[in-house]
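You will see chain A twice below: alongside chain B first, and alongside chain C after that.
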Partner chain A sequence: MESHPDLTVSVIRGLGWFYLIVAVMNAFWTYRVFRSGAHYNSIAGFKDVPKAATWGLYTVVLAMLSFAHVIVDSTPADFLFRLPVGFKNLVDVVIANPISYFAVSMVIFVAMILLRRVWTRPTVAWVLLNIAMLFLGVSMTDYDFRQIVGKPDNVPIVGMLFLVGFFTWLYFYKSVENDRRIAAGEPKIEDEQSEQVLVWPDLVYTEMICMLLLTAFLIAWGIALQAPLEEPASAVKTPNPSKAPWYFLGLQEMLVYYDPWMAGVVLPSVILVGLMAIPYIDFNPKGNGYYTFEERKFSVITFLFGFLPLWVGMIVLGTFIRGPNWNMFGLYEYWDVHKLEVLNNVDLSQLFWVDWLGKPLPRPDANASALSQAGTIFLREWLGFALVLAYLFILPPLMAVTVFRSFFVKMGFLRFMVLANLILLMGALPLKMALRWAFTLKYIVSIPEWFFNI
Partner chain B sequence: MSVGEYIRESQIWRSIFRHPAPYDRRNRAVVMLTNFFLHLHPVSVKQGGIALSYTWCMGGVTFFLFLVETLTGVLLMFYYRPTLEWAFTDIRALRDVTTLGIMREIHRWGAHAMVITVWLHMYRVFLTGSYKPPREFNWVVGVLLLVLTLLLSFTGYLLPWDQLAIWAITVGSNMARATPVLGHEGPGFQLLNLGGYDLITNASDARFLLLGSRFVGEETLNRFYILHCVAIPLVVATLIAIHFWRVRKDGGISQPL
Partner chain C sequence: MADKKLTTEEILALARSQGAFGSGGGDAAPEPEADAPPVEETPLAAESAEAPAQSAAKPSSTADILAAARTQAGGDDTEKATPAAKPGSTADILAAARAEGTSGGAAPKKPAAAKPASTADILAAARAGKAGGGGAAAAKPQAVKASPRKAASATPAGERPSVAEMIKAAREGGPAGADAPPAKPKLPTRPPLPVKKKGEASTRRSFFADTIVFVTEPFMAAWLAMGAIAAIWGLATARFMMPNMIVEPPTKFKIGPESDYPPGTVSTKWKAERGIWVVNTDQYDGKGMIYALASVCTHLGCTPNWLEGEQKFKCPCHGSGFYITGINFEGPAPRPLERVGLKLADDGSLEVDKSVKFQEELGQWQDPASFVEMA
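Right, the complex of A and B next:
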């Protein structure tokens, strides 16, 4: 089968312009490095090679690459600069599997925090940015990647990923610097900017320029990319997959692990209440009005965990990777409606009664009184109820006397309980994922009679 | 006397701008106090409070995008009728015939951008610890603004009335069916009953309230249209006013104590 059905000349030329942007960016970078005068002591026998030379070389290669793309007019199918199939398959295997997807995102998350002093160095960050852009560019030669990433409504998400990456970098960059200064007893970055200035002109001019640039940007974007309009609505033709708007795809992803009442109502409410509760449960007075990591590690790590892997990560998963029948597809994989995924998840009650005790599931007698039916149901689900109640009510006091002891002392009973429950509810998603993957567990408590499944 | 001076000396000009142009220090302060739009701002601020690398300007950008959405939204309302008969064709006409049809593109991309910038604004406010006392309550106002921004975007998503629209709204609003107690497929819906008759059915539950119907139909279009164009924007505008007022009252942009 032809794997690049429409690598057209216009796509290749478009990529050429994209590489040209990367080249121009690197030309500026080369100039910056040149101005700093940095040198390698010796490289391949040459002494005192300016670092700018390497960047200059790289920029020239990019420019040539761009040129080769822009002037192309041969048959696009012969075009050579694309991803090797082996690489694509590898990426697909890792990404199309929830376990490895989540594992990789956790590794990146932990590395981001532990290696913050390394990757906030401008050169390292610049290399990472280049890798990300080249990855995006080369991947565009793949038909399936282009189909999903190039969808008009998905373009902003790609932009968001770069923005989130940039601002996360900026945060860590400033925090690393401030933390160093605090440790050395020097004034913080923000302390140096305490001079009082007039709003006219210092602020209003910035605002004015911002507004002009944004207006220009929106108009350019509007001209370049047409807003999507599909076929007229039809209540009988259900698209496969049916997706919520992209900013809700994190919630839709939770539906894989929880029933709608949890994923669609309870957990979103918990997220909102939890966000509003933050100022009232974070008792740490430090880190107010300046960037720091060391002084508020716990709250920052918790928030970053919720925002990066759980919120943004799940949106990426829901947008780019969930395909027909809500199966997972690699970035370069064809969205095959017939892709089969074996799903034989079992409930905890099933595991307990049938697999472990070797008995049949207790079944409520349809003719018995409502109360006795409820009794049978509780008997059937007792283990799940016990676990859930223990998770929500026994674990917090346990946390209070062990790992969170110092928190508990400072926060008092009520605040601590709110904090503990919010953390546990946030952990409920990764926990259920892990249970699903380890034991193919479907529901911990499963009472379809009452639409009550956890 | 040059033309410019002539205009600036005229009674009309001086009735609008009561003070001389902001060329010197005194008038630069006065302009901030006497201009309705500028009086949102204080006269002077700490340098760090307006440093782009500190605020990321994301709150301001969100506000600007809200204004862009209001403007383009009003223009779109001139061309759009929220009925099954016209909704889709009116949107298609924006693309094919209407001169300023690009308003739709700007409105849509602006909406996406606003969702993103509001997240980034929250991200920065968290990372600078700006929700800490005395700014706790403004953070809460912010969270409300965040929810309303998402709801604005969500209600607007339905209006083009194409496949993308109704199915995204169907998927999104199906959740309401499972609301505990108040959704007809939610746990405990049987609790609300009168003499054995369920009060919560698919024609009286939370989802019905949202859609005005048992499925995404013409009533839904009408409801979402009103929410999108009138109700939510009014609430958002009010909350933004409170949000800005609180920024000032809480002592301006956060800085090291």
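Right, the complex of A and C next:
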């Protein structure tokens, strides 16, 4: 008997209930479509086929699938409904590589914005939700996927991914509708509905019902999924992998690319201060009190770029993909402690002096005066300093006269400089990642003597 | 008072706001504390200027009568009030009686003259010897008629304050009212209290008693209690810095003879207890040597693992990797692992000294205290 079986009877039965939930959801959807009375004009020779028929068919298939799972009692190894190995390997290759991972997340991000009119349509969104749930269900037939996704720590993250998806969809759905109305000169959604509800009874009842349901849900959850307690902590034994709480996994991922004081102090502070600065640097009076994308393109894209690929994406990366020794593992890949990844990184000064000039790295003489040592260090790191200073001080004026010219005119010097620096610092993260992947670059400025690295 | 539109306080406020007297204690009213705020509301009082005059026809309480008397605009109002023959209260009577002596008695219509706000005012004015107009026409007859029943406190409306209260109020308010600004009757009386007591104590009592009085002020007592608790906490914290027993292992310890650490190996047997690896290798500068590396990642302080198969130290937190020499080569660690002191003790075993660190990037690995050379 396999020690790590992909399928067991209990897993299959559990999946049966999962598919049953999906089937019930789709039964409701079928009913909704049926009520709307939508028809295909002609399909396979039949005229006026209701669209609900397709959904009904799909629901029945799901119900049968669920039934087949629930009644299983034969050897699970013979169970046929599982992921093909080729698909697993393909996903693993794409996901376990940081370059393709971030490339895919960027492609999804761009597609999300460009195709917003398509995927916000309820039917498309429903299909996407179905795909996501089926993907989750089918992937559960893999042992390694089940280990990582089914870990009590990670179950809420999976739930939150669906929430992030829903709220992003909600924003784009309302924005697309409002943008259409604005373009057509119609009143916005928000103008048509009264925003006022009564505290009593509307709000109080809603809150009370939410409170009861959430309490019940949390109790059920607390019983079903035990708290993931581990052995007593030891100062010299670090769990492998050692993961931060999920909400800090973005920071932990930044720490892979930056020095602790940079990724742990400077960049988080910049994120917080930058979020606080938004009201002061935002000069666009539109979009106040209603959903819109077209009128606030720059703000929305900038924020969502920082939030989705750079924050949520890195939480996903840290939660599901980082494994032992902080290596990246595919979703269906075994967490091998001895997985070997070549990560030899070099500093820019090393590249410059040794690889390009063919000289030894200037080393400060331990017996020389402090000033002389500092001189040697600055000589060693001059290129890195020059690049960093150019990035922070030459790029903003360049931006002001080129791509951000209209911004500069509208915002004035101070507000523009704040905006430009915030954007540059946000861009510093993907930039450093790309440099790491392209040149195995560790630090642009590396002064371990002073614990100063950029 | 059913048909009355203004409360006593408002009327009093109105009366005072017209500014004849620099009056102080408005304590003749049923609610002495409550009448303070409205006094300052001059606009409100001005708006409702006629109201007291209307209510003069049915004087049912001290306030009404006072108001009627003081705000009279013409003689007929006064006449109405006079036949009513209901002396408002002892306060009025007292006021009228005392005002008689000093008042000019003239100009009953002069509004400025007609506004002693309360007993306190009147008393104050009387004592200060500058009562302007006196209650004149209205007050005088009342006083005359009321004199037989002067002592009785049972005036028509039962809700009125007793004589004792009024006198008390008058006494409290009197001195303050003489030259204090209007409308701040009671407020100043509280803050000066400690000062007064203190001064009193210092003259009459010993220093010790003085201190006792001082510290038993609730305010001071609260601060002293808090200070005392903070001091105790501080002392306890200071004591906490010097534990009775230190569970940390000593920084110097022996790890056995060189022969326990054959060349080309990393010993992890001291990692759990002491946080060091003992390495015997010739990869650093070609010479065989034993050294001890602190098992603390130089990136963020996690504990790396020695991977025998890969011949590297690998940190599980952010993926930093170090060669067997301790030199960093992968991941974000900015500098090599740190060596700790190592020497050959007299008895032939190796002795680690964790109290000293040797950092490669500072050139400290050349220090002979950081390694033991193999023969």
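In this text, the second predicted complex is superposed on the first by the 444 of 454 C-alpha atoms of A that agree within 3 Å, B and C clash if a C-alpha of one lies under 4 Å from a C-alpha of the other, contacts with A are read in each partner's own complex, and residues count from 1 in each chain.
In this section, contacts are C-beta pairs under 8 Å (C-beta built on N, C-alpha and C of every residue); 3 or more make two chains touch, one makes a residue touch a chain.
As the structure is a prediction and not an experimental result, all values here were calculated from the model.
Participant: Determine, for the superposed arrangement built on chain A, whether chain B and chain C clash or fit.
Facilitator: In the arrangement built by aligning on chain A, the partners chain C and chain B fit side by side.
Participant: Examine A:Asp73 and indicate which partner it touches, taking first as chain B and second as chain C; both and neither are also allowed.
Facilitator: After superposition on chain A, A:Asp73 lies in contact with neither partner.
Participant: A:Val197 contacts which: chain B (first), chain C (second), both, neither?
Facilitator: First partner only, chain B.
Participant: Per the contact definition in the header, classify A:Ser234: touching chain B only (first), chain C only (second), both, or neither.
Facilitator: Both partners, chain B and chain C.
Participant: In the overlay, answer first, second, both or neither for which of chain B and chain C A:Ile223 touches.
Facilitator: The answer is first: A:Ile223 touches chain B but not chain C.
Participant: Contacts for A:Ser242 in the overlay, against chain B (first) and chain C (second): which applies, first, second, both or neither?
Facilitator: Both partners, chain B and chain C.
Participant: Does chain B (first) or chain C (second) touch A:Met211, or do both, or does neither?
Facilitator: Touch partner of A:Met211: chain B, not chain C.
Participant: Angle at chain A, chain B to chain C, CA centres, as a multiple of 10°?
Facilitator: So the angle at the centre of chain A is 20 degrees.
Participant: Applying the document's definition of touching, compare chain B and chain C: which contacts more of chain A?
Facilitator: Comparing chain B with chain C, the partner touching more chain A residues is B.
Participant: Looking at the overlay, does A:Tyr257 come into contact with chain B only (first), chain C only (second), both, or neither?
Facilitator: Touch status of A:Tyr257: second partner only.
Participant: Please indicate which partner A:Asp355 is in contact with in the superposed arrangement: first for chain B, second for chain C, both, or neither.
Facilitator: After superposition on chain A, A:Asp355 lies in contact with neither partner.
Participant: In whole Å, what is the nearest CA distance you get between chain B and chain C after the fit?
Facilitator: Between chain B and chain C, the shortest C-alpha distance works out to 5 Å.
Participant: Go through chain A and flag every residue that touches chain B in one model and chain C in the other.
Facilitator: 234-235, 237-239, 242, 252, 259-260, 264, 451
Participant: Once bound in the complex, which stretches of chain C touch chain A?
Facilitator: Contacts found on chain C: 271-273, 275, 295, 298-300, 302-305, 307, 309-310, 314-319, 321, 329-332, 334-335, 361-364.
Participant: Spell out the residues on chain A that touch chain C in their complex, using ranges where they run on.
Facilitator: Residues 234-242, 252, 255-260, 264, 324-327, 337-338, 340, 342-345, 363, 366, 442-443, 446, 448-449, 451, 453.
Participant: For the complex, give me every residue of chain B touching chain A.
Facilitator: The touching residues are 22, 25, 28-29, 31-32, 38, 41-48, 50-54, 56-57, 60-61, 64-65, 68, 88, 91-92, 95, 102, 104-106, 108-110, 112-113, 115-116, 119-120, 123-124, 126-133, 135-137, 139-140, 143, 146-147, 150, 153-154, 157, 160-168, 170-172, 174-180, 183, 185-190, 215-217, 254-257.
Participant: Once bound in the complex, which stretches of chain A touch chain B?
Facilitator: Going by the criterion above, the answer is residues 153, 156, 159-160, 163-164, 167, 170-171, 174, 188, 190-204, 206-207, 210-211, 214-215, 218-219, 221-223, 225-235, 237-239, 242-245, 247-248, 251-252, 259-261, 263-266, 272, 275-276, 278-280, 282, 285-292, 296, 300, 303, 307, 447, 450-452.
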